[in-house]
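Consider the two complexes below, in which subunit A is the common component and subunit B and subunit C are the respective partners.
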Partner chain A sequence: MSRDTAPILEIRGLKRHFAVSRGLFSSKTMLKAVDGVDFSVMPQESFAVVGESGCGKTTLARLLLALDRPTAGEVLFEGNNIFSLRRGALRRLRRDMQIIFQDPYSSLNPRMTVEELLMEPFVIHGIGAPAERRERVKRLMDACGLAQSKISSYPHEFSGGQRQRIGIARALALNPKLVIADEPVSALDVSIQAQILNLLKDLQNEMRLTYVFISHDFSTVRHLCQRIAVMYLGRVVEMGQTESLLGNPQHPYTEALLSAIPIPDPNIEKKRTRVILTGDVPSPLAPPSGCHFHPRCRYATEACKSRTPELSETQPGHWAACPVLPFAQKPSAAALIH
Partner chain B sequence: MENKSRTAAWKVLRRKPLSLLGFGIIGFFLLIAAAAPILAPVPANSRSAYLIPEYGYNPEPKLPSVKHWFGTTENQYDLYYGMIWGTRTAFKVAVLVVGTALLIGIFLGSISGFYGGWIDEALMRFTDIVLAFPGLVLAVVIVSVLGPSLDHVMLSVAVVWWPSYTRLLRGDVMAIKEREFVLAARALGASDARILIKHIIPNSIYPLLVVASLDVGSVVITAAALSFLGLGAPAGYADWGQLISMSKDWILGSPGNAFAYWNTVLIPGAAIFLFVLGWNLLGDGVRDMLDPKQR
Partner chain C sequence: MDPVLSVKDLRVGFRTERGFLRAVDGISYDLHAGQTLAIVGESGSGKSVHALSILRLLPEPPAEIVSGEITFAGRDLLKLSLSEMRKIRGNRIAMIFQEPMTSLNPVLTIGDQISEAVILHQKVSQAKAMAKAVDLLKKVGIPHPSERVKDYPHQFSGGMRQRAMIAMALSCDPDVLVADEPTTALDVTIQAQILELMRDIQKESKMGIVLITHNLGVVAEMADEVCVMYAGRQMEGAGVSELFKDPRHPYTRGLLNSVPSLYGRKDRLEAIAGQPPELVSEVPGCPFEPRCSKAMAHCKTERPTRFEPAAGHYSYCWMEDAKSQ
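Our next item is the complex of A and B:
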């Protein structure tokens, strides 16, 4: 992977606020689902966005595909701001950027057969004659591990894993460059998760795909992604190379998340330090002042309540929005992650 | 493909004897309607096939006889002829009224639910206005203004009927458009029209189709009611509603013999009853056939 090429995807100051009405007589509150996110993704890279539910991951995914309009900021795909494109240009662009959804039960139209589902991308973009489309549908099914005998079946006749394969085949039908995977395996059985992750990995090598992987789970992204960004209440709190971020977290939130991953080895599990997060994720309608994480942070100082930390480079290529942790006395990284 | 879905539909139906009965009843009426010129040949001097031949001017109905299989109504209209050709009228009313109401309902309901905002607001308030009138009264007013005729009866019933379809579809469209597969289609670059026609309507129209097929009966009854009130077809036109209307003075029979003129009430009444029942059963069958999870 060459680092010197231009990024395929660049996100600058992206914000999406929703006006939420809390009753007839109270004024509207802003829900800041995505509140100033910047990062860029290199061609053929796998970039992960990790965070708890409610941190704005899914809103971010929709913004990246221009399925929603941002309050502020821009998303550059190969240098063009996708929000300033005209309808036709955006439609053409959709061939290059696709999405795999979390729930394979709701992301497939229940009244279309597999063939119709997989044919649709070609129909929408007017690609190929009917015979050629059929041929490509068959090849897609092969590539995604779907039996061709099932071509006339409806989605409800498939298991969750197979449905997700259909969703993946549909997303990849047009040979996209960028694929946003919004929790592609979290709705599946653990035994199926590995199969789907391997499929995604193989397809990436074959088709030179770039992935933005959205997940709440480090263990699903660590083997697939080169870089990880951690989100908390609409902001990126830490971003870096996978090894660096997992081995030496620079933000207390990442540290706590990592320590929550169970390690299937009782000896290590016994010895390591657990960082237990207290309290729930605060309501995004009324996020804490200053650093959003300070009420749950064991390193928090008085200053954290008023000062909003900016992302800064603590090590080469490793960014964190915490002025305290990198200098604090930390439990050894090895004890956090095996 | 086409063949496969047809055999699948048959498989579903085979398990539902009542739906099959519904299809049987409607099929039976269809046959009658199609074979009307053979079953009840049009008299040579008739101006229109739908005009029931009249055999005399005696107001008292007559019981079935060899010459008049179902007897005659008041003023000696041949009941058998009226029933046979009335089947055609019943189908015409049912299909045209429900079809028109469905087309309007699908068009306005899907646009209203899909786009929301002021379009939705405007369409729904207009729907409310129409719904605010009692249906039959509104239909009576419309026919009275336009003048009594069968065409105006059909038009007025359709005008009364579309708002409930619009509302029903709008609600389902609003629910379906939030589903992830709609977002998936948008991510693929599908146009609004394609999303509506290929993704949203096929997934939201079935409750509407079921209601519509169940409604066919009510539509026929409403049209019959307007005919009964004298707003429909001209006297002597082959229309079940009008045949019932002609029997209204004879329902109680003659003194001491309540069933003296049973044929004038029972025969058109039974036909309307069977026709409505058939559509209701067929409506259930339609629902089962259209649900892919039943296959």
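Our next item is the complex of A and C:
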């Protein structure tokens, strides 16, 4: 990936607010699911958006695919704002942008066979003659590790991992450029997760795909992605190269998230110091003032209660929305992982 | 020291239209006071069915406890009458579940639900039981417990609900806590809080914990002893450091290798090929044989016996037999 190529995806000032009424007579409150997100993704890059439940990552995924409309901001796909496209143009664009869903149980129509499921994208977009479509379905099944003998089977006849392979094959049917994967392995068992992660990696190399990976799990993301953005309550709090972000987190929230992950090695578990956050993630309906993270932050100062921090570059390519941590002496950040 | 809970050759199955499904097929272990035994396995390994059978919570039929002994306080739980079992369940042996939302009653307050067990097992007044509920909520770290005790489950967040479940489980100071994927539905930062809470309580009360999980990170953090299950069978077991340092069974090794790690460089994950078997058909040999790269001819036909490569470390794998010869 060279520095001078244009990004395939550019997100600028993206906001999605929902009006939520809490009762019949009370006034509506704004739920700021996505509240000012900026980043760009380069062709053939894997970019991860990581956060806990309620941070807005799934709303963001829906916006990136124009499945929802933003309150403000734009999403540029190869330079065109997807929200200002006409229907026909948007439909053509959809071939290039696909999604892989989390739940392989509910995202496949139970009354369609594998062949029908994989044929559907070609039918919808009017691609190829029936014989050619069949051929392409078979090739897709091969590429995604599905036995061709199962071509007339229904989703319930497959295991979870196999079903996720069908979901991936469907997403890749039309040779997309960008694939948004919304927690693609979190419903699967570990031994199957590894198979699917390897498959996604292989397919990326073969088909020159760009991934936006939505996840709550740093360890799976680390395997696949070059860059990571961490979200908290609708905002990106930190963004950087995978190794830099994991090895030297610049935002207290990232630091705590990393520290919370149990490491499958009892010797490391016994030795490491952990930052255990107190309290729950605040309700997005009433986020704390200033920096949203300040009530749970061990570095918070008075100023954090009133000032909303902006992302700033702390090291080349590494951005954090925290004016305190990058300059504080961090006792354990590096020791958290190593 | 005698174990607080001892399971011997437990076999549990279900009668289905397609035949007899062997969900748990010969599990044995000892749990000691103040210790945590982690049962690790993937979906369909029988780890939850085994947990439910300890508390006799499986509906019989379709479930059927084929054989085995579960010894607790000198008695075999599988031989107790339902009313005797009721005195133990929730009192001496408590359980917490994966889904804190579905395992709490949505139309009763948190306080009512916690005090229910206290009133039932300790025969105290309603007011005393409610006071105990407030104490318990305080102990599990719920802020403003005397007000929150009047809340309904939907007013609690996921982490708070799991804390309430733990409070309920602790209400009668149990000797054994069976925790079935207690943090799987929670975010990592909340998971860290709940695991810390369980450890603190265990330190104080010396209860034994049977922790059922699929997460090897949670195992490394919490367990003293580990037992790895696959397709209803016990594959391997050892002390936690020993198991991670020297895994013997090819399935355990596969499992450890397939976890993406946060440190070290692994470009490609070593996935275990294939799928877990269907339990309906009888497996005469080792159930892992079709996926095992080390499989030998007799792995398909002969059920592996228990080998002990080191003290306190066992593996059900014919490779151990080959090594020892």
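In this text, the second predicted complex is superposed on the first by the 335 of 338 C-alpha atoms of A that agree within 3 Å, B and C clash if a C-alpha of one lies under 4 Å from a C-alpha of the other, contacts with A are read in each partner's own complex, and residues count from 1 in each chain.
As a working rule, contacts are C-beta pairs under 8 Å (C-beta built on N, C-alpha and C of every residue); 3 or more make two chains touch, one makes a residue touch a chain.
No experiment lies behind these values; they were computed from the predicted model shown.
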Subject >> Superposed model, subunit A: greater residue contact from subunit B or subunit C >> reply: C
**OP:** Mind working out whether A:Ser191 is in touch with subunit B, subunit C, both or neither, as first, second, both or neither?
**Re:** second
Original post:
Between subunit B (first) and subunit C (second), which, if any, makes contact with A:Pro262: first, second, both or neither?
Top reply: second
**OP:** Report for A:Asn248: first if it touches subunit B alone, second if subunit C alone, otherwise both or neither.
**Re:** neither
Original post:
With the two structures laid over each other on chain A, which partner does A:Ser53 touch: subunit B (first), subunit C (second), both, or neither?
Top reply: second
Original post:
Can A:His216 be said to touch subunit B (first), subunit C (second), both, or neither?
Top reply: second
**OP:** For A:Arg274, decide between first (touching subunit B), second (touching subunit C), both and neither.
**Re:** second
**OP:** Have a look at where A:Gln164 lands relative to subunit B and subunit C in the superposition and call it first, second, both or neither.
**Re:** neither
**OP:** Once the structures are superposed on A, label A:Thr314 by its partner contacts, choosing first (subunit B), second (subunit C), both or neither.
**Re:** neither
Subject >> Residue numbers on subunit B that touch subunit A, as the complex places them >> reply: 1, 4, 179-181, 183-191, 194, 198-199, 202-203, 292-293
Subject >> subunit C to subunit A touching residues, read off their complex >> reply: 42-43, 157-160, 187-193, 195-196, 214-221, 223, 240-241, 244-245, 254-263, 266, 268-273, 275-276
Original post:
subunit B touches which residues of subunit A in the complex?
Top reply: 62, 65, 67, 90-92, 94-95, 98-99, 101, 103, 106-112, 120-121, 124-125, 152, 154, 156, 167, 170, 174
Subject >> Residues of subunit A touching subunit C in the complex >> reply: 52-53, 159-162, 189-195, 197-198, 201, 216, 218-220, 222-223, 246, 256-269, 274, 276-278, 280-281, 337-338
